[in-house]
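By letter and in written order, the chains are A, B, C and D; residue numbering begins at 1 in each of them.
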Amino acid sequence: MTKLKIAVLGASGYTGADLIRLALLHPQMEIVALSGERKAGQAVDAVWPHFKAYPLPDLVTAESIDFSQVDAVFGCLPHATSQQIIRQIFEGPNPPKVIDLSADFRLRDPATYEQWYGNPHAALELQGEAVYGLTEHAREQLRSARLVACPGCYPTAALLALIPLLQNRLITPRNITINALSGVSGAGRSLKEANLFAEVAEAMHPYGLGHHRHMPEIEQELGKAAGEPLYISFTPHLVPINRGELETITVELTDGQSADSLREALAQRYADEPFVHVLPKGVAPATRMVRGSNHCVINVFPDRIPGRAIVVSAIDNLVKGSSGQAIQNFNVMFGLPETMGLEQAPLFP
Amino acid sequence: MTKLKIAVLGASGYTGADLIRLALLHPQMEIVALSGERKAGQAVDAVWPHFKAYPLPDLVTAESIDFSQVDAVFGCLPHATSQQIIRQIFEGPNPPKVIDLSADFRLRDPATYEQWYGNPHAALELQGEAVYGLTEHAREQLRSARLVACPGCYPTAALLALIPLLQNRLITPRNITINALSGVSGAGRSLKEANLFAEVAEAMHPYGLGHHRHMPEIEQELGKAAGEPLYISFTPHLVPINRGELETITVELTDGQSADSLREALAQRYADEPFVHVLPKGVAPATRMVRGSNHCVINVFPDRIPGRAIVVSAIDNLVKGSSGQAIQNFNVMFGLPETMGLEQAPLFP
Amino acid sequence: MTKLKIAVLGASGYTGADLIRLALLHPQMEIVALSGERKAGQAVDAVWPHFKAYPLPDLVTAESIDFSQVDAVFGCLPHATSQQIIRQIFEGPNPPKVIDLSADFRLRDPATYEQWYGNPHAALELQGEAVYGLTEHAREQLRSARLVACPGCYPTAALLALIPLLQNRLITPRNITINALSGVSGAGRSLKEANLFAEVAEAMHPYGLGHHRHMPEIEQELGKAAGEPLYISFTPHLVPINRGELETITVELTDGQSADSLREALAQRYADEPFVHVLPKGVAPATRMVRGSNHCVINVFPDRIPGRAIVVSAIDNLVKGSSGQAIQNFNVMFGLPETMGLEQAPLFP
Amino acid sequence: MTKLKIAVLGASGYTGADLIRLALLHPQMEIVALSGERKAGQAVDAVWPHFKAYPLPDLVTAESIDFSQVDAVFGCLPHATSQQIIRQIFEGPNPPKVIDLSADFRLRDPATYEQWYGNPHAALELQGEAVYGLTEHAREQLRSARLVACPGCYPTAALLALIPLLQNRLITPRNITINALSGVSGAGRSLKEANLFAEVAEAMHPYGLGHHRHMPEIEQELGKAAGEPLYISFTPHLVPINRGELETITVELTDGQSADSLREALAQRYADEPFVHVLPKGVAPATRMVRGSNHCVINVFPDRIPGRAIVVSAIDNLVKGSSGQAIQNFNVMFGLPETMGLEQAPLFP
């Protein structure tokens, strides 16, 4: 069987690198093009020495890629740039399917996009067409999609935990309070003082308080699940690890519900899912349970405040929160087994 | 002027070590005795090589100390053990003042103590007499106290931020939700698999969900401030750093209040405090601002959920959360300048 | 094709866990038994929560395993224990092949073993028979071996770099000075104060100065390559990372040699090796180039002292330094492609 | 008594920050000016939030400082820039004493300077006049110096360990091999991809192999001690910690010497030194013994190669390796007790 030809745009960032790592192990993927605007012309192992042992094409500009010869494009570009290149791809002949990891096609409402990202959207029809690719909740649409917007890392961990609870009215849409912790790879490879080792190590702090761009995305999808608009509280924190994302979420129970009933509902919902695991009662999710893998672990605990519960969810931000979920979507879009290329167990210690 | 003679009980734990570190710099303290039951007979630098350059007495058993020759005792022992030794100290001749860093004298209600700590209290009169030593809110009682119960590390960060808000009815006593992050030194030097480097590094997870022992302590003091009993939600997380504690707290505003009015109220309340600092609008507290020091930094942010705000508080768990506050209390108890021995600036990077 | 049935002895240590991780991805391996004496009876995910998503047999005692039904045994037990169990395995009916990761069968000379490990060897014939499994230098013997002693982690990094240089007389056997840095997973999961997070983090120190047990092993194999006995200088250091081993080795050049000629010789020797990579001139080996993978990266640099060079070698101590090399040996022993199950690219960041 | 007025040039780097931290605790120092070219006009706590609680002057340009009103200047500027500003300072009226932490005045030979730093020296007379400020070996000259060149961090750890051994002919000047490990703060606060958290964490690698700029400095001072020119082998490694420097040095013994005799000689030489400590036989120096302090710990071990020994030395690169030693020099230059302001014990954990 012929492998599917893929191109990775933005291969010089951490997300691009993790996509390459996973694609190298995928038996049906052939990497035919890698773009990196500022590093075009360089060999991959000049940018990513850890790929030295693997044959990979040199980095090129996105413009130089013949997309008509490609089956699928993974977009790991910054927002705003993404929408322009992806529009051009679809305007070309014989366009490939596009799995976009940027924020550009996640938000349904153009005004919301513009408000949070600061630029008017340049590909409105595509924005309307894109499938929001939280795999476990979007399989049917994914099968026929030509453009998939992969969820942000924070939204992935939150939505997997909360959507079933809202859909089944086990929790109210009020006062959902998400405290999130993230490793530093989520901030990307760009040169900012705040990301220097000596600033981050042996330290921690919240950021984006009250105005992080993943907020409207979470609200959009939770609102859909709840059947009504809602506001969430969301506070991310930077923690000195490379990979990992953990969300501790307090929720209000509807009548008759409890931490146990929520856990049971999630366990049933995800019983057949290969990547989402509800832990036994009392076991706290930890990022070390998922490091380097596409897994998500979830659990629910009683809150000391009556009528509430605490939901905890952990993923690897670069895998299930980004490149792994993108490949999971690719598998669905191309009719492959969903776990293909994603079978690796977590790396611990 | 003659220095005050101090003894440190439990000098082989991290809290004891940080107390020694600070005492060495205190111009009015002379360390005359250090106890460590299992390490009695050893030189301090066998247990703590970083003190090699400093002349310190060898470790002894607590029983072998002549407390009548000591001005102040710092208790860094585990709970249950603390109350027994401290009772004996006060039964002896010419007893010193005692600053206890354990949990034994923090809770007012014997039944609550027994429920959360599993043993009946063995020194009930002392429990009733002890002053809860959150320095900024207990100065008057501290001046005449002979027994001070230093707050736990998590309570310290939470109470400094919340007490003024509750006392002034700027927030409601409902739905106070505390998400806390702590460095690993808070878990002590005991041998547990969960505290091994390879388990903790490059990882993070919540623990004690719904049943951490600092809960009743926070509730007791917040209830006092609110004038009514209350329940809090409190979820601590283990983060791979040595020192530092950060709490991100969502609160419900009372009518007419806002993040700005809360910040302003805290700024006024702590304007003259040497160790509590309300940051300028928009600046997120970070543990790197306080590492190794007795400072606490606080700020308030608007929450996206209307009618709520986010309060953030950061301390060094071993200093303001433990040994530093103990010395601050010592200074008040002995009529010394409150900052004596605590002037060191944070260590960054 | 039927998979090969494997048993992992000592599955509750980090080495055992990494062997399971790799075996799960190996298309020709079926894990049929896992032993862990103190944790016998427990489910694997109670000991290793990161394997929750994978079906694995519960832990049992080694004695309870029917080794006649197993094709290969991986021994991840402590030294001394290993030799006893492995002798019993070979005394049983239809014994499997054994790949031992302990130190018990590495040393050829019983007296040397007893001197460094403190106990007389209990399986002398097996000690004589075992193949020292540095794969790239032992393939022929491995094909017919029934007992393989996998090299220690430090020896692996040193020997891959130095054997070709000594065999070809490019360096002298004198004054080989190995400075080694290791992550903490190498110390295992046992409860020692020295391995606690708060002791190790934000710190580093040498250990085993002048008497580390990997010394005689390195000397044995280097002596074989040099054709004469030799002494090495070897100083390992503990560094606060989970995985990774880096060795910086100064060597004396023989006449006419240079850093360039050494690099060229190594590049030629390893040109066709899938896991050993000589880097381009000037590129320093780094553990991030190999994390989580079976790769080794090597380079050579001029020393400022005339007549010497600096050889640098990096591996992941748990993979090429332990479980990965064990599986590589397994592949050779069973006639499988040598890279099977080991194709995963390094995990970075 | 009036305090001495000091200015810190380059106060926006990590070295400058640590100098401020220490100066704040120094009873005879008053910080009257802080320069930071690119951050001139900013408040200190905008650049260094951890100094929020301390009254400090805003950052200004170096040009705007009236040096005639200053008693001492600490130069924390990059090389080349340093020499120009310091020349101007000495050309002005009533010049202060200058303690320079850059590399500009460390090398005696202008040609060596130009070769290693790439620019001709712009203040040759000052270069000739400057005292090389390894305090323990330069006290007499320091007392009357007006310009002191503080040693680099790597040289400090190496020279303290080796100078007495060479001076007393206990080791030969041949084959001195220094393997050094350093925390990341030594790389400064400049924006380089190599210093990003995600690049450095959970990783380690050597750098500057064969051409690090601290080499000629170490050779100059060791050559002086040996009475003859010499070459050293020096390989620094980057380790994921903030602070700390550890050097493991193999040396050749002269006739009749041993590890024990070397340790004894060092112990005698440093017996009265407040900051240099020779550890008991068998105790390995560790950076956690000195973190945040001005101490240096040293020990000597037998090497397995006959006729050699291993010398290990540990410091905090920002304190004894930089700002602490600068203040120690300041104390000597102004006739103050040498430990003034440097009494703080190490911070552990």
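Of note:
Rule of thumb we're sticking to: a residue touches a chain if its C-beta (ideal position, glycine included) is under 8 Å from a C-beta of that chain, and two chains touch if they have at least 3 such contacts.
This one's a predicted model, so the numbers in the text were calculated from it and none came from an experiment.
Common neighbours of chain B and chain C, by the contact definition above: A, D. The chain with its Cα centroid farthest from the Cα centroid of chain B is C. Computed centre separation for the pair chain A/chain D is 46 angstrom, with centres defined by C-alpha atoms. The distance from the centre of chain A to the centre of chain B, each centre being the mean of the chain's C-alpha atoms, comes to 39 Å. Between the Cα centres of chain A and chain C there is a gap of 36 Å.
Residue positions 14, 184-185, 198-199, 201-202, 240-243, 286, 288, 291, 349 of chain C are each in touch with at least two other chains.
By the touch criterion given at the top, residues 175, 177, 179, 181, 198-199, 201-207, 209-210, 215, 231-235, 237, 239-244, 246, 248, 250, 284-288, 291, 301-306, 308, 310, 312, 314, 349 of chain C touch chain D in their complex. Chain B makes touch with chain C in their complex at residues 14, 184-185, 187, 189, 191-193, 195-202, 240-242.
Across the interface of their complex, chain B is touched by residues 14, 17, 20-21, 24-25, 48-54, 184-185, 201-202, 242-243, 274-275, 277, 279, 283, 286, 288-293, 295, 297, 318, 343-349 of chain D.
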